[in-house]
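The letters A, B, C, D, E and F name the chains in turn, as written, and every chain counts its residues from 1.
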Amino acid sequence: MARVVRTIARVSPETAQAFAAFGVATIHEAQGRTGLLAPYMRPIYAGARLSGAAVTVSVPPADNWMIHVAVEQCRAGDVLVVAPTSSSDAGYFGELLASSLAARGVRGLVIDAGVRDVRDLTAMQFPVWSKCISAQGTVKETLGDVNVPVVCAGMLVRPGDLIVGDDDGVVVVARADAERVLEACKSREEKEAETRKRLQAGELGLDLYAMREKLHAKGLRYVEDEDEA
Amino acid sequence: MARVVRTIARVSPETAQAFAAFGVATIHEAQGRTGLLAPYMRPIYAGARLSGAAVTVSVPPADNWMIHVAVEQCRAGDVLVVAPTSSSDAGYFGELLASSLAARGVRGLVIDAGVRDVRDLTAMQFPVWSKCISAQGTVKETLGDVNVPVVCAGMLVRPGDLIVGDDDGVVVVARADAERVLEACKSREEKEAETRKRLQAGELGLDLYAMREKLHAKGLRYVEDEDEA
Amino acid sequence: MARVVRTIARVSPETAQAFAAFGVATIHEAQGRTGLLAPYMRPIYAGARLSGAAVTVSVPPADNWMIHVAVEQCRAGDVLVVAPTSSSDAGYFGELLASSLAARGVRGLVIDAGVRDVRDLTAMQFPVWSKCISAQGTVKETLGDVNVPVVCAGMLVRPGDLIVGDDDGVVVVARADAERVLEACKSREEKEAETRKRLQAGELGLDLYAMREKLHAKGLRYVEDEDEA
Amino acid sequence: MARVVRTIARVSPETAQAFAAFGVATIHEAQGRTGLLAPYMRPIYAGARLSGAAVTVSVPPADNWMIHVAVEQCRAGDVLVVAPTSSSDAGYFGELLASSLAARGVRGLVIDAGVRDVRDLTAMQFPVWSKCISAQGTVKETLGDVNVPVVCAGMLVRPGDLIVGDDDGVVVVARADAERVLEACKSREEKEAETRKRLQAGELGLDLYAMREKLHAKGLRYVEDEDEA
Amino acid sequence: MARVVRTIARVSPETAQAFAAFGVATIHEAQGRTGLLAPYMRPIYAGARLSGAAVTVSVPPADNWMIHVAVEQCRAGDVLVVAPTSSSDAGYFGELLASSLAARGVRGLVIDAGVRDVRDLTAMQFPVWSKCISAQGTVKETLGDVNVPVVCAGMLVRPGDLIVGDDDGVVVVARADAERVLEACKSREEKEAETRKRLQAGELGLDLYAMREKLHAKGLRYVEDEDEA
Amino acid sequence: MARVVRTIARVSPETAQAFAAFGVATIHEAQGRTGLLAPYMRPIYAGARLSGAAVTVSVPPADNWMIHVAVEQCRAGDVLVVAPTSSSDAGYFGELLASSLAARGVRGLVIDAGVRDVRDLTAMQFPVWSKCISAQGTVKETLGDVNVPVVCAGMLVRPGDLIVGDDDGVVVVARADAERVLEACKSREEKEAETRKRLQAGELGLDLYAMREKLHAKGLRYVEDEDEA
C-alpha cells in the first residue's frame, strides 16, 4: 500500500517568499499559537532560515530509501519534510542527498530524526532542522509514502503546506490558511515596531499594555520587603 | 497571595563587576562546589557572559505575565532569574522583553524554560541562559511572585544574590557570601596561573599535586601490559 | 585491583594521520556501519576534528583522579578516552588538564560525561567531544583503570584503537581493522566523488542507483493525487 | 476561534466491542504497523484495557478547562483523548473528572500529559494511559477545541476514531478502516494460534517461517567458534 | 564546612498524622499549587504512603556516607530527604539502611537519586520515592550536610518541614504553614465530597461550576459538525 | 560478514543456579561495583528474577530477524541478550518468540530496546528486562550477529557470561570471574546477615562501621542549631 502522490497543491511561491520576512515566533503567534514543531527540532547551523512548500515523506525507522524516491517529486522552492513511522535517531540524510536536492532548487530539510555530514551541509549553506546529529547509517529495504499527511515532531504536515524555519525552530502553516496568516504577520509586525520603539525608550510593558488594573483585580500585592510579605 | 517585593538588598555593583573576571567553574569551586545550576542551562550564543544581582520571578507554566511585572523592579546591573512553578518548555521571553530590560540596563536573563527570537537577542548581544529554545507562545492569565526565593534549575536563588553566567553555565553566590567567595576566586586564579605555567612546561599533575604516594597507598598498580594485569 | 597498563599497541601515527582526510560518517559506513559512539557525544565547538590512538580511562562517577594518572601514559598523537563506570554529568575536565595534555602532543578528548572551561578550550583549539558541558567539580578519592577496554557512549574502545571525531560525532576503529577500513574509506570517497558530480548535474539517485525496479517489485505505486490513492 | 463540534461520526459500538478481543500489538500489525502512540504512553495500572470511540480535546499547556467542556460531548462507549498544544506534564485529570465520565459510561482516558489521583482511579478501575503521573494542578483560563483532529503522542487522532489500549500502549484505527482492520486482526490471530502451537512444541521459527534460505542468500555464515569467525 | 545540625523544629506528630488522611494532589492544591516535587519522583511500590517530618541530607554524587550520619539524627515519625549536590542516579540506599531507619521508627525515604534492594524494601513495606531504581554502589569518601535546607527534585525542603507521599508523588509543606494547609485540605475535601456525589449522579461540571457563561464570554462556539466549523 | 557462532563456553548451570540466591546489588558489589547495566533496564513485572548464561544477539535498529536465528543457538538455562547496533525503542520481542524460547528452556530475555505482549509474557512468567515497552513492529530485512561480544545498556556482554536480573536491574559477570564472584557474594551475605541483625536491634551504622573518627578527621562538625552553623 506504499504510494507516491505525484500532484500536490502547493502554497504559492510568492506567498512562501513573503513569509521569509517573518520569524517563526511571529508566524506561530499570528496563526493563533499553533503549528510549532517540538522544540527539539534545531537547525544544524546558527542563522539558518528557510520558507517553502512541504514535500512530505513517511519513512520506516533507520531506512532512508523513500527519501531517494521523494527527491524526484521535489521542485524549486520546496522543503523536504521527513517523518519516521517510529522514533529514530539514525542519520538518514547527508551531503549527497543535499547535493541532489540543491540541484533541483529545494530550499532545505526538516527531519524528525538524525542528519549527518553537517560540516559539508554548512559549507553548502543547505539548511536542515533535525532532532539530532548522527552519523549512523540507514538501510534501503522498506517502503514508505511520499506526499501523504505526516506527523512531524508532534505536528500534522500536509503536502503543499508552508514550512518556515529559523533559529527558533520550525512552524507549519496549512496551505489554505497561508494568506490569512501572512496578513496577520504583517499586522503583528507593524504593531510590534511601534511597541519596540516605546519599550526601547524606557516605557514599561505594564503601562503600554495597560496591565496594572487587571493585575490589581487578580489580587497582586506590592510590598516593601519580604518581612511585610 | 501573589506579591511583588519592591525593596531587596543586592550584591553591590562593584562586587558583581569584580566577579566578571572569573569563570563559572572557578566561582563554583571557590565556594566549595556549590551553587551551580543544572547543566541543561545553556547560553543562546557562544561567548555569552554576565554578572549581576538577581531579580527573581516565580511564574506559572506557559504564562509570562509576571515577567512584565518584574521588569519594573529591575535596575541597571541586574539579572532577571525566571523559574516556573512546574516544568515548562514554552518560549516565555523574546526580543521585545529584552528591549525593555536592555533599556533599564539589565545585564541578561536566566530562565528555567524556553526563550525565543534568539537571532534578534544574539544581534542585540543580550545574553540568555535557558533550558531550551522554543517559539511556543505563553499567556497572561495567572499571577506569580517577584523577588521571592525561587528554585531555578535545581538551585535556590534569593533576590539580590550574585548570578554569573558563561559558556560553562550559570552559578549563584549568596549575597552574604559574595565577598568571601570573591577572595577565594582570586586565590584560586593565582594558584592556577602558576600551575598552568608548570603544566604547559610539561610537568605532570601527578608530581605537581604530589599524588603518587596517595595513589600507591590506595592500591594503584602499574603493569607493563594487559597480560600481566 | 585498579591498574595502569603502561605498554599498549597503538594504531600507527601514519594510519591515524591518513584517517584525518575522512569524515566520521564515511568511516562508520566503510567499516560496515559500526563503531559510532552515541549521538549525544557532541563537539564543544563547530569544526572540531581529531584523529589519533586511544588512551583509555575508566573513572568513578564525579571523580577525575585517574585522568591525572592517564596523562602520564599519553604521548604525541594520542586521544584520551574517558568513560565513567556509571552515568555522570559532572565536569571532569578543564583547561588545566588540557594544557597538560597539549604539552604532550595529545590531540583531544572524548568523554562520556561533562567538560568545563569550554571558552578556554575553544581558544586553545583543544577539541573535546562530551555528553554535556558542566562546571560541576569532581573529587580525587577513588581509583580506576588506565588502558583497559572501556565502554564509552555505548561503544567498546580498546587501548590503541583509532578514534576519529568531527562535527558528526565520534567513531572508533579497532586497531587491527584500521588498514582495511582505511582502504574502504578511500574506495568509498572515490565512488562518492563521481556520484556527487552526477547528482549535482541533476541526475536522480533513483536512476543512478538503479532503484526503480526494486521499488516497483516491492510494490511502490505512483498515483496522480490523493483521491486516487 | 475555539470550538466544540457536537456531532461526530463514531466507529460503531459493535465494532469497538469486537476489537476488545485483540491486543494493541496485534491491531498495530494488522493495519500495517501504523497507528501506535509513542511508547511513553503508559497505563496507570497493570492489566488496564479499553476499546472505544475517540472524543478529542485540544488543550493549552497546564489548563484543563476544555476537559470539562468535553465531558458533555461524551456518551457511553467513548474514550476521551486529550492532547496539549505544547508539551506539558501537569496533572490535568483526577478522580472527580473520572467520576463524571464514568457516570456517562465513558470507557477511559488517553492523555499526552499528566494524570493524578491514581490510587482512586485504580480503585474505580477507570483506565488511563498518560505521559506521566503528576499531582501538579492546572488552571481554567484559556479555551481549546473539542472534537477536532489532534496529534496525541505523535499520532493523528480524529473524532470518532477507534482507540484501543492495553499493557503495551495505545493504538488508533481510523473509523473508515475499522472493519477492514478487524478482519485483518482475526486472520492474524488465527494464523498465530497455529504458529504458537508449533513453537510451543519446539519447532523453530527458522523452519516454520522458512527463513533459512533467505538468510543464506543474504550472506549469513555459521561458524563453530569465535576463532573461526 | 560540612555540618550536622542536631536540633531542629519539627512539624508536630499530631499534625503530620492528620495529613495522612489527605492525598498529595489535595495538599498541593490546598496550599496554592506549590510544594510538589518533580513528577519523576515515583514510589517503589504501588500504594506506598507516608507523612512525617523531614530530616534533610545533602550528599555528594554517588557517595552515601552522610546518610549513615543522618540516621542518628532521625527519630520516630521522621522522613529522610536526600538530595545530591549534583545529578546522580546511583543506588545510595538499600535494605540495610532501611533496617536501621525502621528500627528508629522512621516512616520512609525521599531521594532525588537511585535506590536498590526494592524487593526487600517492598517486603518490609518501607516506602521510598526516588528518581530511579539502580543497584549502582556508592562510596563513603566525601562529607555533606545534615539538617540544612536542600533542593530536592526541584523543591526547597527545610529540616522539620512536613513531607507527604503517595502514588501521585511527593509534596512538601513548610512547617509554619502546616496548620493552615491542614485546614484548607479539610475544607477542600468536604467540598469535593459534595461535588463528587453530584458528578456521580450525572450532573455536569459545566453546570456545577457555572462555567457556561464564562466560556461563552471567552468566545467558545458550539457547531453541529466540522463543516460548519 | 554477519555470522552465527555455534559453540560458546558457558558459565556452568550449577554456578548460574548458585547465583540465583543473590540479588543484583549484592553481585554488583561483590565483583567490585562493576557489571551493572544502565538503570533504564527494567523488568516487565515486579518480582521477575533470572540467572543464566548469555546467548548474545547484535541486531539492526527495528529489525528482529536475528532473534529468530538466535533461538536455535539457545539451550536450557540460557538467557537471550539483545543489543541493537543503534538506539531503538521498537518492540522486537513478543509472546510468540517467548513461547519458542520457553520451549527450549530459556530463562528469559534482556533487551536494550522495546518488548511487547507484556500481559501474555507476565501470564507465562517469562521474565524480560527492557528499555521500554512498545508494540511497534519490526522488519526482517537485515542481518546481524549471534554469539559475538555486544554492548548492552552500556555494559560489555560476552557469549556465555553470567546474567542475573531482579527488581533492581541486570548485572553481568564474566564467565571467568563467576566462581570468584560467587564466593565474594557468599562472604558478603554472611557479613550482612550479622550487620542486619545489629542494625535492626538499633545499633547505628556510625558505630558498627566505626565511622565517627574518620568523619571527624575529614572535618565534620556537629552544631546544636542552624544559628550556630
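The rule is short, and it goes like this: a contact is a pair of C-beta atoms (placed from the backbone, for glycine too) under 8 Å apart; a residue touches a chain by one contact, two chains touch by 3 or more.
Please read all numbers here as calculations on a predicted model, not as lab measurements.
Undergrad: Where each step is a move between two chains that touch, what is the least number of such steps from chain D to chain F?
TA: 1
Undergrad: So which of B-D, D-F or A-F matches D-E, with over half of the contact pairs the same residue numbers?
TA: Answer for D-E: the repeating interface is D-F.
Undergrad: Roughly how far is chain A from chain C, centre to centre by C-alpha average, rounded to an integer in Å?
TA: 30
Undergrad: Report, in whole Å, the distance between the mean C-alpha point of chain B and the mean C-alpha point of chain E.
TA: Here the centre of chain E sits 28 Å away from the centre of chain B.
Undergrad: Provide the list of chain A residues touching at least two other chains, using ranges where the numbers run on.
TA: In chain A, the residues touching two or more other chains are 1, 33, 36, 39, 86-87, 89, 134, 136, 142.
Undergrad: Examine which chains touch each other and state the graph shape they make (line, ring, star, complete, other).
TA: If you draw each chain as a dot and join those that touch, the picture is no line, ring, star or complete graph.
Undergrad: Once the touch criterion is applied, which pairs of chains come out as touching?
TA: A-B, A-C, A-D, A-F, B-C, B-D, B-E, C-E, C-F, D-E, D-F, E-F
Undergrad: Under the definition above, what is the set of chain E residues touching chain F in their complex?
TA: 1-8, 45, 65, 68-69, 71-72, 89, 91, 94-97, 99-100, 102-104, 114, 116-120, 122, 132-137, 140, 142-143, 147-148, 159
Undergrad: Taking the complex as given, what residues does chain E use to touch chain B?
TA: Chain E reaches chain B through residues 1, 32-34, 36, 38-39, 85-87, 149, 151, 154-156.
Undergrad: Which residues of chain E touch chain C in their complex?
TA: Within the complex, chain E contacts chain C at residues 60-62, 86-90, 134, 136, 139, 141-142.
Undergrad: How about chain F: which of its residues touch chain E in the complex?
TA: Residues of chain F touching chain E: 23-25, 28-29, 33, 36, 39-40, 42, 46-47, 166-169, 171, 192, 195-196, 199-202, 204-206, 209, 211, 215, 218-226, 229.
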